[in-house]
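Once you've had a glance at the structure underneath, I'll fire off some questions.
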Amino acid sequence: MLGCGRIGQVHALTIRRLDDVRVTAVADVFPEAAQSLADRIGAQAMDPDAVLASAKVDAVVIATPTDTHYDLIHAAARAGKAIFCEKPVDMSADRIRDCIAVVEETGVPFMTAFNRRFDPNFASLQARIRAGEIGQVELVTIMSRDPSPPPISYIQRSGGIFRDMMIHDFDMARFLLGEEPVQIFAVGSALVDPEIGAAGDVDTAAVTLTTSSGAICQITNSRRAVYGYDQRVEVHGAGGMLRAGNVLENTVELATGAGFRSAPTRHFFLERYEAAYRAEVVHFIEAVAGGTTVSPDVQDGLAAQLLADAAAESLTTGKPVAL
Amino acid sequence: MLGCGRIGQVHALTIRRLDDVRVTAVADVFPEAAQSLADRIGAQAMDPDAVLASAKVDAVVIATPTDTHYDLIHAAARAGKAIFCEKPVDMSADRIRDCIAVVEETGVPFMTAFNRRFDPNFASLQARIRAGEIGQVELVTIMSRDPSPPPISYIQRSGGIFRDMMIHDFDMARFLLGEEPVQIFAVGSALVDPEIGAAGDVDTAAVTLTTSSGAICQITNSRRAVYGYDQRVEVHGAGGMLRAGNVLENTVELATGAGFRSAPTRHFFLERYEAAYRAEVVHFIEAVAGGTTVSPDVQDGLAAQLLADAAAESLTTGKPVAL
Amino acid sequence: MLGCGRIGQVHALTIRRLDDVRVTAVADVFPEAAQSLADRIGAQAMDPDAVLASAKVDAVVIATPTDTHYDLIHAAARAGKAIFCEKPVDMSADRIRDCIAVVEETGVPFMTAFNRRFDPNFASLQARIRAGEIGQVELVTIMSRDPSPPPISYIQRSGGIFRDMMIHDFDMARFLLGEEPVQIFAVGSALVDPEIGAAGDVDTAAVTLTTSSGAICQITNSRRAVYGYDQRVEVHGAGGMLRAGNVLENTVELATGAGFRSAPTRHFFLERYEAAYRAEVVHFIEAVAGGTTVSPDVQDGLAAQLLADAAAESLTTGKPVAL
Amino acid sequence: MLGCGRIGQVHALTIRRLDDVRVTAVADVFPEAAQSLADRIGAQAMDPDAVLASAKVDAVVIATPTDTHYDLIHAAARAGKAIFCEKPVDMSADRIRDCIAVVEETGVPFMTAFNRRFDPNFASLQARIRAGEIGQVELVTIMSRDPSPPPISYIQRSGGIFRDMMIHDFDMARFLLGEEPVQIFAVGSALVDPEIGAAGDVDTAAVTLTTSSGAICQITNSRRAVYGYDQRVEVHGAGGMLRAGNVLENTVELATGAGFRSAPTRHFFLERYEAAYRAEVVHFIEAVAGGTTVSPDVQDGLAAQLLADAAAESLTTGKPVAL
């Protein structure tokens, strides 16, 4: 476990609950963070080089800040370790291409952690599209809204809404469409917080993707949703529609003179995607152990990043961008 | 149209909108009420005897107070008019039996206006049971709640909750079960308004019916539902469940930090059952015009009344009553 | 009633059910159509000139083919009649401007029949936005899908999907946004039927509108929805979200091993918008009778047409169009 | 951990995931079962006497067959261990009274594992009743249906549907009503499987409870629900209604010409009540560690058993039973 921050802890605690797999070593630039997590899960705190040198380590989870991914990926690949890497792989498409090169050269399994593909709802929906339940996909709508914006300091270095937030939806779009977009058009506004606009970003954005078959995908993002984390997809095909709705906090409904009121959606992303975090780690471990294909892979990481880059360009130029 | 009160007006205005049928004459003990409705729909105000004597009248709608039904049914049947009679046919089962006798003797079509059978939701549900979608019926749950209690003066002469309110549910139970109950058990309390208790009635009641095949039906009634008119049925069979939910005022949903809020149910029974009132009148007219069977008929009126009587007996004695 | 086709009949039968207003005269290029409707509602069949010359006529409903609107509007306005005109007012924005001129010059009330504004669900939703329930509008999503495409012959002369179908959504967008779009971008494909593509139109389309305040509106249209007429809007504001869902055929739900199945949406637009057709006619009549403002008016008819024209231009050029 | 069968494993794996608490010792009449679980969670397999004698054991989970509870409760209480006991405490009310005596005499904390009180949905609903959201409770409806019946061998020794299945609902009724029932009436039929009838039991049952305040509770049970585990409660009060619906397998919905289809409910009780199993164990551990009150306690175990006994009597005699 490289990186013992919030997402590193999530993965470590998830793995602790699995049979037949152990987190043997953890590393973090803050030694106390590494030690604290090591104590909690019964692992050993080491420095990253020692982790990569350890013969007891078959695979690494890279959960460090994005700007450290590049070097760790290269080192881990050269050490022959299977790699589970948090998204984004890197902020630069060119550097991701470098990572692809080393991964291909060394032949190590590499998984880009687009966790939403492993959400049981979205995973089931996509499997049913592939199984032909609604025929050829014609129109995809993806709506993602966070309960509230992150700190401005985060936005200033995140690469903006397309790279830190909508990147999940770009991956989801590719996952659901089953083909590559050929054009993207983006609009956006800073409506939630003027400081976001002052930081050069938008907090409300809408994107239209088109594919060579003529399928269309609309994505909307907002940094605000007072009723909780809002994550929905809807896919229309020739034979019908499949959609996956929100996960509510509970099933309780209150009826009064004002009508029927159900619970808000789950607010916290770790709770909303708890099952997805477990499933993606299980998928990675099973694939590495069984020698089967890991997905989404490093190419998927690049493809989503390229869409985010193109969306940012479209927002800036005011024109559609060909892909 | 015999009786120009609220329900008489509903039927008259419904018929006015139909092609190929007209309300030619209206009567009411208050001549102004008759004249007012006559003016509104282009009919002639007459006294009831004249209506029944008119050769232009093929059928009568009896929408007068319950204690006048008996005489009007006898007179209309002897005049050879088809009869559409508001429920209850009469407060006394013996007097309903007299009505059955005259209807059978004269052979006139007779419809007891249990409008809920004609609600598109309940009608569709029942048709799907009969079509075998859930197999043999095992368990029926019927919930009916009025938005607020009627005046005490009404309760004092209505025969009580089983005869003025749950009678609809008894008919619905027979409609859905497809067989006759053989036992009934009732409990009830005056929780909504102590004056209802002082008047010798209850305002919250629960009944259990059992049939000879072993099917069970639970019915609950309350004189209060702050969220609007509440009318639901749920039917379990060997192969699954069919249920029909409430009709909301509109489809608008509001999401805030408190959750998702949809509209209350339709509050007013005339609005809630608008389609049912139309469909029951159309059924009657088509059956009379086409010489086909009218349903629910006068026997159904008696059967529901006998269940109401037995429920009242069970409440009084505290014991189940065999039917 | 000028025009006795399908929509003319809808309006005529609606008016017949109202108190205090009558369709006195009907006209159609097919005299038998006019006579048939006249007989059904108790009106007189005339030629259009006679209708406009009649002193008994206060207002006209123009429900004739679009290419006849221009002349009828001019004639009716000069005859001092209030005008209820089916959409689109005209296929040409310039000709609509001529109509605006004659309406303003003569001062006659003029209503453009965008019926969806009068749907109880959408009307309630919009009123609640205006009442401030969700604060400032940030993002609007409108989805409209017809059960199946119209005949190719219709598409060939309708002006295309933006002018014959999405025009309703353009009006809805303006209604919900409460401000004018300043930019539009459109994409579209012929996925439902290649003949539609051969006719130079698309059958699946997505549009993005932006306003000067930064609000965004996404609209999708498809000529196909196997589950019935699909008409939804969703509006996000700073304080929450309001949405209006589909109207199902009934409330019955079936539970089996495959899950829970509810009814499809209402398939037929006349049934889906029955309440809206009534409410828009009532609004027009009350406004004309009471001397109050008619809305949507002729300017609204022009505004929607200009959006449709710009969408078509964007689809052709592949670029966003400034408005 | 006394008992290493299915439910014992559930509790052991749940505890393994908690911080600050450990399963130190496990026991089972089948040594291999104990050893297997011990290996899986890092505990020691012992015989029950050794467990109770161990100074390292603060509390025991009794998850053995019902007929062994009595002796283990006595031994554990005398050994001063806090007790978490699976329901039912015992099949005989008199023997439960003996258990109460020893628990009171020794003063050990004792929790009866009615897990459904800890389901987040039902727990939230009950807390909101107690918080006064719907005022005084008037009517409670509880529906519980298992996906399919247990083996006949289980039914033959379970004490019947009221004692092995509806006992959960009796506890839920008391939990929601907030007062004790004073009368019970039960009906039932063997409709699912005639062998169940031949074994002297019913598989479809309905019960009506009444309280001294006049509140009414209706419970239905069935051994069959093809659409999955069906567990719903609905509570009406003077000020409105609170209900908790089913937990579906996922949020995916399919729309086709047949309508809208959502997933079935979760089929397996361990999955349906996963969160409840965790919450009840956490409650017990926190109460024992913190010296706070454990609930539901041994008296709650008795109260539910007495209701089950009375329901069985009512079914046999055909009469309501006073409590």
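Order of writing sets the labels: A, B, C and D. Residues in every chain begin at 1.
Everything below uses one rule, namely that contacts are C-beta pairs under 8 Å (C-beta built on N, C-alpha and C of every residue); 3 or more make two chains touch, one makes a residue touch a chain.
All of these numbers come straight from a predicted model, not from anything done at the bench.
Engineer: Applying the document's contact definition, name the chain pair with more C-beta pairs in contact, B-D or C-D.
Structural biologist: Between the chain pairs B-D and C-D, B-D carries more contacts.
Engineer: If we define chain centres by averaging CA atoms, which chain lands farthest from chain A? Would you check?
Structural biologist: Using the mean of the C-alpha atoms as each chain's centre, the farthest one from chain A is B.
Engineer: What is the distance, in whole Å, between the centres of chain B and chain D, each centre taken as the mean of its C-alpha atoms?
Structural biologist: Averaging C-alpha atoms per chain gives centres 41 Å apart.
Engineer: From the mean C-alpha coordinate of chain C to that of chain D, what's the distance rounded to whole Å?
Structural biologist: About 57 Å separates the centre of chain C from that of chain D.
Engineer: Return the residues of chain D touching two or more other chains; collapse runs of consecutive numbers into ranges.
Structural biologist: 225-227, 239-241, 255-257
Engineer: Quick check on the complex: what are the chain C residues that touch chain D?
Structural biologist: 226-227, 248, 255-264
Engineer: So in the complex, which bits of chain D are touching chain B?
Structural biologist: 136, 138-139, 141, 143, 145, 183, 185, 187-192, 204-206, 208, 210, 214-216, 218, 220, 222, 224-227, 236, 238-241, 318-320
Engineer: Enumerate the contact residues on chain D facing chain A in the complex.
Structural biologist: Counting only chain D, the residues touching chain A are 16-17, 19, 40, 120-121, 124-125, 128, 133-134, 239-247, 250-257.
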